[in-house]
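Two complexes come next, and they have one chain in common, chain A, joined by chain B in the first and chain C in the second.
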Partner chain A sequence: MRQKELRLITTFHTTADALACERACKEQGFSGRIIPVPRQLSAGCGLAWSCEPGKEEEFAEFLKEHGVEFDEMATILF
Partner chain B sequence: MGEMRRVYLDNAATTMQKPPCVVEAVTAALTSFGNSGRDTGGHALDASRVIYDARCLISDLFNLGNPKQVVFTCNSTEALNMAIRGLFHRGDHVISSVMEHNAVLRPLYDIEEDQGVSHTFIGVDEKGRLLVSEIEKNIRPETKALIFTHASNVTGNANDLHAIGKIAKKHGLLFIVDASQTAGVLPIDMQDMNIDIVAFTGHKGLYGPQGTGGMAIREGIDIHPLKSGGTGVLSYLKHQPEEMPTHLECGTMNAHGLAGLHASLNWLVKEVGIDQVHAHEIALAKRFYEGLKDMEAIRFYGDYDTDQRAAIVSLNIADYDSSEVSDQLESDYGISTRPGAHCAPLIHEAMGTVNQGMVRFAFSWFNTEEDVDYAVKAVRELATDI
Partner chain C sequence: MDLAKNKTTLLISGAILGLIAVILAATGNPGNMAFCIACFIRDSAGAVKLHTTATVQYFRPEIAGMLLGAFLIAVATKEYRSTAGSAPMVRFILGFIMMVGALVFLGCPLRMIIRMAAGDLNAYVGLVGFVAGIATGIVALKRGFSLGRSHETTSAAGAVLPIAWTFLFVLSLAVPALFALSESGPGSMHAPMILSLAGGLLFGIVAQRIRMCTIGGIRDLILTRNTDLFAILAGFFVIMLVGNIALDKFTVGFSGQPIAHAQHIWNFLGLYAVGFAGVLAGGCPLRQIILAGQGSSDAAVTFIGMFVGAAFCHNFGLASAAASAEAAGGPSTAGKVALIIAIAVTFVIGFMPKKK
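Here is the complex of A and B:
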C-alpha cells in the first residue's frame, strides 16, 4: 500500500453535491479528485472530494459561494 | 508512459460491458419505436411487440408460465418496493435475512413504521451462509411471507431456494426472491422452487440497459399498485385496471431500454447460454481467489467451496480501509472495484466489517483471465507492501 498523505477530505450528503463540487473546482482550476469516502469519516458508501490540506476555511467559503452543500471537512491521512 | 490498463471488476453493481446486439437494439429502437400500447400504428406496435416478447422471455427464464404476469419496472428496487409495500397489512409479520440489500431492508423498516408490519431477520454463520434451520423456528401465526435474496451482493453466497421454497409451501407463506445478483446467472424455476415473486434487474447478470428490471409474479397474487396513471386501456376507469400486467404498470414504458433487455435475453439464453456464462464468471472468480488465498494479509468473506454462488470475491487487506485499497486499485492500476458497505448494512454487521468495509471484485462474461491475473498481481503488490 502507498504511503498515506495528509489530505483535506470533504464529504457530502448526496452524489449530486460531490459532482457539483468537482465541477466548481474544475471550473476554477482547483486541483483535487473524487475518492471513495474514507471509513473514518463515514460508515456508508459514497463519494468524497480529496484535495491539498491547509485551506479549509477558504475551501468551505468557495463551496458556499458556488452553492455546493457539503457534510463535513477533515484533514486526515489517506 | 503508455495509457494505464483499465479493468472493470464492479460487475455486481452493473455489468459495464454489454453485448453489441444490445447496443444495436437500443439504437434501432431510438429511431423506430412509438409509444407501446398507445396506438395501433406500426411504430407503436413495434414497441409493443418487443415488450411482449421480452415478457415471454422472462416468463420462460424463471419458468413462470404466463408472460402476462411479468411486470416491468425501472430496476429491482422498484419491483421489491411494489411487492413489499403492496402485499401486507397491519399485524402481519415477514421473515427475511441479514443478507439483504437496502432495497429490501428499507421498505421493510418503512412498513414496520407506517403499516405495523413486523419482521425477523435470519442470521448467517461465520462464512456468511444463511442459517436456513432458523427460518421455521421464527414462523408465527401472523407470518405471511419469506423474503430472501438469492445471492448476497457482498459475499456472493447463494441461498438454497429449493429448501426455502419447501418451508414456504409447508406453512402456506408467500416466497419472494430478490434475484438482483442471480437473474441470468443461476437457475431460478418458480414452479419447482415454489417461488411466488422474483424481482430482477436488467442491467447486471441479464446484460441489459440500466433502467430496466421487473417482477415475475405467480398468478393469483394481488399486489396493491404503488402507482396509478395512464395505461392506454380502460381510460374511463377511475382506478388502475385489475388486469395484469397493466395493474402494475402505468405511464410510458421504457421501451428503448426494454428493447435492449429483449436483445440481451435472446443473446444470453439462445446464443451463449446461462450455464456457459456462469461457468466462465465463476472460473474467473475462482482464479482470482486461488491467486490470492495464500496471502496472510488478505481476509476473504464468503464461502468459496461451492460454484453455486455469484462471481463475487470480497476481501480486505490487513486493517486497511477498504476505500483506500479500492482507491489505490483505481488510481494506480486502473482496476474498478467497490469498497464500503455496498448498501447492505446487516451483512457487514454480521461479518464484523462495519468500520473497514470490504473491497468487492465481481466478474462478468466480458472479463478475461488476463484481467484476473492483472488484478491478482495488483492486490498481491498492495498486500505485500504494507
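Here is the complex of A and C:
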C-alpha cells in the first residue's frame, strides 16, 4: 500500500476549475497531480490538485495569474 | 468506524450495500431490480399519480430512507451544507435526460450492476454505453464545461427535499387511499415496508460516508487512475454475484432476463445518455439523492428532474417494454426519438461554446 505523505491539497468550486488548474500546471511545469477530493476535506466527489506542501502563497498566486478560482488549500496526509 | 479509511473498507462498504440489495430482492423486490434508483423514483411518481401506468405505482420506502439517511448522517457529522445556485434548470433537464435514458435501458447504473451480477448480458452492453457516455462527458469537462459554482444559502433550503419527501412517505402510510398502489407488475413486488425503509436508511448513511457514485467511480478511474470509488462498485458487484448464485438467480444470457430487453443499440444509447448527462450534472442518480440529502438544492432539482422525467416517460410512452415470451420488448418509436433528442440536447449543453 502506498505510504501517505504530507501534500498540499487544493479544492475547487467546479470540476472545470480543477481541470483548468491541471492544464495550467502541466503547461508551466508545476509538479503535482489531479486527485479525487480527499474525504476529510469535502463531502463532494469532485477533483482536487495535490502538490508538494509549503508552496501555498506561490501556488495561489500562480492560480490567480492563470484565472483559476480555487475553494481552499490544506496540507494533509494523503 | 471510518468506512472510507482505505480501499479495503470501501470494498467492504460496497459489499454491505450489495447485501442490502440482496436481502431486499430475496424478500420481495422485483427480480434483478432489488435496488434501482430510477425504477424506484418512477414507482414513486406513479404512487402520487404523476403517471397512471398501473403496474409501476408504489411509494418506495427506499428512496425516503436514502434521503433521510443521508440527511441525518450529514447533520450528525457536520457535513450538512445548504448550497444552491448552480444552473438549476439545466440540472433539471439533465435529471430528466438521465431518466429518459434509464427507462429506455430499463434501469439506472446501479441496476446495471445488479443485472450484470445476475448474468444479464444486456447490462454489459449497457455498461459499454455507460462508459462511453462518461468518456464523452469528460471530454466536455476538459473543454471547459461547467454549470458554475454553487453558493451557501439559507440553512433550511437544503432540508426541504428530505423533509418534504419524508412527509409524503409518512402520508403514504397514514392515508394510503391518497396514493396509487400497483396490484400487479413490478410496482406490486416489494419487500416488507419496514425492511425497505431500514435498507434505504442504511444505504443512504453508508453511501453518504463513502461518497458512492457509479459515475464517479469510472470518471475517477479515467481521469485520475484512482480506484477508491471503483472499489465500492466492485464490492457491490461481487456480493450481488455471490447472492444471485446462492439464490439460484444467476443466468447468463441476453434473453429470459427479468424486466429487460435485448435491443442492443438502445441499451447502449440509454446508458450512454445517463453517463453523459450524469457527468455534466456531477453524479449518477444515486449520488444525486445523497447530495440532495446532505443539503444540495442543485442535486434536489436534478432529483425533481428525474421524478418529473419518469412521469413523462410513462405518460408519453417513452419507457421500454420488457421482453416476454410473446414479444421482443424494447423502446417504442417515441422512446427512440426522445432518447436521440435527449442525447442531442446533452451535446448542446456539454459542448455549447462558452462566453468569453
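In this section, the second predicted complex is superposed on the first by the 77 of 78 C-alpha atoms of A that agree within 3 Å, B and C clash if a C-alpha of one lies under 4 Å from a C-alpha of the other, contacts with A are read in each partner's own complex, and residues count from 1 in each chain.
Following the convention adopted for this analysis, a residue touches a chain if its C-beta (ideal position, glycine included) is under 8 Å from a C-beta of that chain, and two chains touch if they have at least 3 such contacts.
These numbers come from a predicted model, not from an experiment.
Aligning the two structures on chain A places chain B and chain C in a clash.
By the touch criterion defined above, A:Lys64 lies against neither chain B nor chain C after alignment on the C-alpha atoms of chain A.
Once the two complexes are laid over each other on the shared chain, residue contacts for A:Ala20 go to chain C alone; chain B is not touched. In the superposition on chain A, contact of A:Lys55 is made with neither chain B nor chain C. Taking chain B and chain C in turn and counting the residues of chain A each one touches, the greater count comes from C. With both structures placed on the common chain, the touch criterion links A:Pro36 to chain B and to chain C. When both complexes are overlaid on chain A, the residue A:Gly46 reaches chain B and chain C alike. When the two complexes are overlaid on their common chain A, residue A:Phe78 makes contact with chain B while staying clear of chain C.
The interface of chain A with chain B overlaps its interface with chain C at residues 1, 35-36, 39, 43-46. Chain A makes touch with chain B in their complex at residues 1-2, 4, 35-40, 43-46, 78. Those residues of chain B lying in contact with chain A across their complex are 317, 320-328, 332, 338-343, 354-357, 382, 385-386.
Those residues of chain C whose C-beta lies close enough to touch chain A in the complex are 4, 6, 74, 79, 81, 141-142, 144-150, 208, 211, 213, 216, 220, 223-224, 226, 228-229, 282-283, 287, 291, 294. Taken together, the chain A residues at the contact with chain C in this complex read 1, 13-17, 19-20, 33-36, 39, 43-47, 69.
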